[in-house]
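Notes to accompany the following structure.
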Amino acid sequence: MLAELRITPVGAQTTFVRLIADLPPIPAESPLQYRVHAMGTTLEGDLDAILDLVRRCHQELRKHADRVLVELSVDDRAGGEGELVRSLEHVRALSGTPLERLVHPS
Amino acid sequence: MLAELRITPVGAQTTFVRLIADLPPIPAESPLQYRVHAMGTTLEGDLDAILDLVRRCHQELRKHADRVLVELSVDDRAGGEGELVRSLEHVRALSGTPLERLVHPS
Amino acid sequence: MLAELRITPVGAQTTFVRLIADLPPIPAESPLQYRVHAMGTTLEGDLDAILDLVRRCHQELRKHADRVLVELSVDDRAGGEGELVRSLEHVRALSGTPLERLVHPS
Amino acid sequence: MLAELRITPVGAQTTFVRLIADLPPIPAESPLQYRVHAMGTTLEGDLDAILDLVRRCHQELRKHADRVLVELSVDDRAGGEGELVRSLEHVRALSGTPLERLVHPS
């Protein structure tokens, strides 16, 4: 199943980016497929592994911040495996429009 | 400011992927930076342009589906421009771990 | 249509509760039905009025906080009017279990 | 800590309200404080109990629906106990405006 996780530490001593940069080892050590993006991390795998990831990320950030906000979205469809890559490829194949427009800051 | 938009049509005649594939022209016609990913689209720009995009995507999907679910997240920080690209580059530079692990379905 | 709005000011001079307490006049001045709860405000009305409320609440909080987080969820179903009250009454009528358990702090 | 859970079954044989009406025993059997509202259920308690509730609700709905959407929001603040009731009472005490306007459908 697909999921998306966004965790926001509030009131930390360290900078936001520094705290977030310490998190990628946690999905990397999990059995999940994942991709970090600008507003969170998309995930694919079992619900238990997803909820375990939520627990570990929360625990890690809570050490450094007085307040931690978590937003988890799960989309569980029958027969949906390999969706993290495939869903985007389908949309790309069907859509006549580019799927991104990004201005790289100089 | 950064945002993320996920719109889910429910009970449509057409397939989900077909409906979603018709949406990318809407951000492409807007003044926003955007990137479609597996669980939604990340956006950068003014709040008015973001809310206008919500309205247009909702309107388009509502033509084809009896029920439309919208999830919009906005993260507005003072002085945060070019964040859609830069925030990820910062995390990549600081983190010693890859920011994704994807299994491409064969 | 039904919606839920949660707005979180971060890094404000004033306390969180003080800032949030100043917001209720904004839905009260709108044409929306609304109910404030512990994690946000549920809303019922037109999408334009809902998006206008997002804009006004964001604008008000942004005066006092360097960072503002917004989470908006919309559930738009054909023929769904009066849902803010009715949906809960339906669930209450059908469910044999109390719909809340709250411990009032002394 | 405070949380909010919204679970949406899609493509079920039974009606949405019927499915949702079967869920309240699950929080009632948990150690959590909870209140069902029109767009989800607010919760207060430990993260483990919250994540366990997500697992059980998902499991129950997945029996009846081919697709299940989950939205979980957690707000964990140091020293925040009894918040589910108290946060609202604080806002009510400070705000000069009613915290709801509901039209009861006839």
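Each chain gets a letter, A, B, C and D, in the order it is written, and its residues are counted from 1.
By definition in this document, a residue touches a chain if its C-beta (ideal position, glycine included) is under 8 Å from a C-beta of that chain, and two chains touch if they have at least 3 such contacts.
The shown structure was predicted, so the numbers you read here are calculated from the model rather than taken from an experiment.
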item: Interface residue identity across copies chain A, chain B - same or different by half; value: same
item: Which of A-C and B-C has more C-beta pairs touching across its chains; value: B-C
item: Centroid distance [mean C-alpha coordinates] between chain C and chain B, Å; value: 23
item: Separation of chain A from chain B, taking each centre as the mean of its C-alpha atoms, in whole Å; value: 14
item: In chain B, residues with contacts to at least two other chains; value: 8, 69, 71, 73, 75
item: Contact footprint of chain C on chain B as seen in their complex; value: 47-48, 51, 54-55, 58, 62, 66-78
item: Partner chain B, residues of chain D touching it in the complex; value: 8, 10, 69, 71
item: In the complex with chain A, residue positions of chain B that touch it; value: 2-4, 6, 8, 17-18, 20-25, 27-28, 32-40, 42, 44, 71, 73, 75, 81-88, 90-91, 94-105
